């Protein structure tokens, strides 16, 4: 009726407009409306998710502080040949003295010191001391005066370091986050053994998170099954028990774990009481990796149970019944028919728990001791204590990259569209 | 086919079932099903028919009584050892397996060889004319196709007994009728015993050798389809199967197979005594609409009463006429659409009449309790 | 009320605003950031309450987030929205913040009250002004508490902390190199004056860590000051380091079977810093002049067992406000407690903190 055909065979509407164009116009309105509806969320994600991530990535390589404070020295220093084996020229020293004097006025010279101290210990005091005393230097020769002020200015490696780290971007933080560094001559080398920490921490974080995820699955699967199959009234009660950790303050929970797990705690008392262990053989279950795992499994269990539950809820009991009627034993019916249908829930719950576990830092800090400390504890420490935000950002970026890599791996093996939250 | 009596293959003996320990869902059920028979359990929802099927399949345990399959008690046999095929209302095809894998599943768990599985699955798929669909997944099939696969899967391991729990409930009317014939044919060809559950009486009438009408946990009547329609035993069956006019009165006279019933407005009706108590007790008179004659010659029928025409519905081959008879204004008469019949209009007063044999005097009205 | 002409209203409003700028009689809310708990309570009673009583227009609002103080000050500075008027910070944090230019430089003599005898503030505080941006408030110490009932012989020296034969059982130490490295060397008998010179060499750090190695598997590492008192109370450790004020309250207020071991307590300082761009400068200056005078600093010791930072306050320390015990002997600065004390070399730690944190954490993970 309304459709006709043009000479080239394309369909048109009754008034001769190509059908495709007409359809596109009709659809556009719906599309615009849909777009309008998602705009607030899109803006929200942009401002509170993408921009912070971008900011973090920027910070992990940001090194503008040196160039912006040492405005005179950096350009002249760049012309110095650092392989010459000689100290920079008088002009460089003069620029440095003036920069330090200005930096002292504007209270910015300390930032350079802090920044340089990440590379080499002693730089904080060098810049602070120089800042205090540089105003005494009024005229040439600046070189001698500055070296007299602190002999580190006479060390060629100080200047090499300054030259290397005067670019607006630096890889230092990324190197540090994978236990590497620049040596005095600017080559990338491994950190000395007594300073290698982060790679082991990343590995431990991944291992513990995987263990926590597996334990959550092992504990959460039967509970979810019960929740999905019990009558509503019973399952509601059970659901409340599962969600209880959500409603309990962290401090209360922490105290409870300590009371349970510590050496003089309930579990140890019980084990000693029934004679399973001697009084001097009490188990260390808190302030170590066990504490972290127990506490995190407790906290994260609901994140495993809820997706599993919502998936299991949709599996009709007739699947297992059909399998049984066809001759499958209860185990075969469960393993070959029930479990495959919950894979989407396992995937969703697993990823949720794993990703939250990988970034969790409050609980490990409270009950994790040394062996239960995760990489996020160090990120938190660099954010709030040492103020080395560049390193914190680099560690965060490496963590983000690891998570994305695992995500892609999951997609390759299981398929992301197989994931179902409910 | 009701007389086809090989040894009783499935037997329910005094079976009772309670879920809460307070009320019985199935009350003292006795039912014998012969080998090769197609028996339908028909009844409204909550009548206990599905519970019976689930007890037979092994997914529910009988609270009391015994269930016998092929001579052996199966009360304590696990479902997977019963060797009973089952088709579910929702098909219950495994969504994570292809059609081929779905059909192969019962054979695999029976540890059959690969080649054996392949030939038998192919045969089963061909049987339901789905041979080309082996590599698809259930979600890619239409409802009717899924239904066929579900039937094929229940039969592929050649069970002697197949249970079907409202298997056509989710299909539209045309497809449902087509599938009824298809299932019927498979039943005839394979000579399996089928126990079929439905709440759709026309489905039951079309397919079954015998129908067990369930209500309130009790089999109200177990009979071949034509008996059920022509000769209902009680008011519930009369009303549940087919269209039915109901007149309520009390028994005035009882005389062998004949009786006289006085209706509420004083009319006297001659009826066939089927299931009445003593004189003076309540009785439900059941009369099929097509057995009523409009404007009979005076004296030609034992029962002739006045009727006010209330409503006419044109249905092509016949005209449904609703009339007020003896104070019952929901009395239906099916008037053949032929030239000989005078056209009526609402408001007319006519005579209607019927034979005493067509008017069955049954037990007291259903809503006052059958038991 | 009759309708006033519009112009009059505007004029009145303008006048009020102008007046507000000059006379602090207008209501002003000051957000002070401190550590919360007993510490904030002691500041409230000793400083805030009397100050607000004298200045009805000023309201002090406590914010307990000093633990994240450094990071938040930096974040506020970056966004240009500084809401904190005054922040309580430990000395090392003040030094870092001052280096970063995130807090104001203080002219102690001009801004703060002199001692009652006329000694200028900078002399009265003396060495404790470890940074030109820092107004010292209290001296606290990190020292040891032990379970009287769980040790056979009471520990008397820092060497006992490292002696598993004399004091068997778990001990708790802070999960940081600062303090622990010094103690390790002092326990070996290194003279206090040489500690930082020795630690400046890699061999010195190795030596300190080797000493810590001897007790490593018996150490529970703490990150929050409240942990050691709890661990001691639970019997999880028999001896542990923490802030002396925490030990005071667990011993004197909760009456736990715990005692103090003061040998080589490490002094640290806590005081006020003003974030750059902080609001209500005039009111804050008025508060600081009041709250850091000799009497007020001595008053705080009535509520918590930390020593006042002014020399002139020491003789004025009296009795605990509710327990009624003499606070003098509980001060870390009391002569009986202060036989061997160590004051952090902040300058040295500012240089070495980053590096030693890494070394220490790598050592912990081994």
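Before moving on, here are some points about what is shown:
Per-chain residue numbering starts at 1, and chain names A, B and C are given in the order in which the chains are listed.
Following the convention adopted for this analysis, a contact is a pair of C-beta atoms (placed from the backbone, for glycine too) under 8 Å apart; a residue touches a chain by one contact, two chains touch by 3 or more.
Keep in mind that what you see is a predicted model, and the values were worked out from it rather than measured.
Of all chain pairs in this entry, the one linked by the most C-beta contacts is A-C. Chain closest to the overall centre, judged by the mean of its C-alpha atoms against the mean of all protein C-alpha atoms: A.
Computed centre separation for the pair chain B/chain C is 87 angstrom, with centres defined by C-alpha atoms. Annotation: 65 Å between the Cα-based centres of chain A and chain B.
With each centre defined as the average position of its C-alpha atoms, the distance from chain A to chain C rounds to 32 Å. Of all the residues in chain A, the ones that touch chain B in their complex are 316, 318-319, 321-330, 332-333, 336-337, 340-341, 343. For chain A in complex with chain C, the residues that touch the partner chain are 106-108, 110-111, 113-114, 117-118, 121-125, 128, 191, 193-197, 200-201, 258, 262-264, 287, 365, 369-370, 378, 383-389. Chain B makes touch with chain A in their complex at residues 57-59, 78-86, 88-90, 92, 94-96, 105-106, 109-110, 153-154, 157, 163.
Residue ranges of chain C in contact with chain A, taken from their complex: 67-68, 70-71, 74, 96, 98-101, 105, 170, 175, 220-221, 223, 230, 234-236, 347-348, 350-355, 357-359, 361-365.
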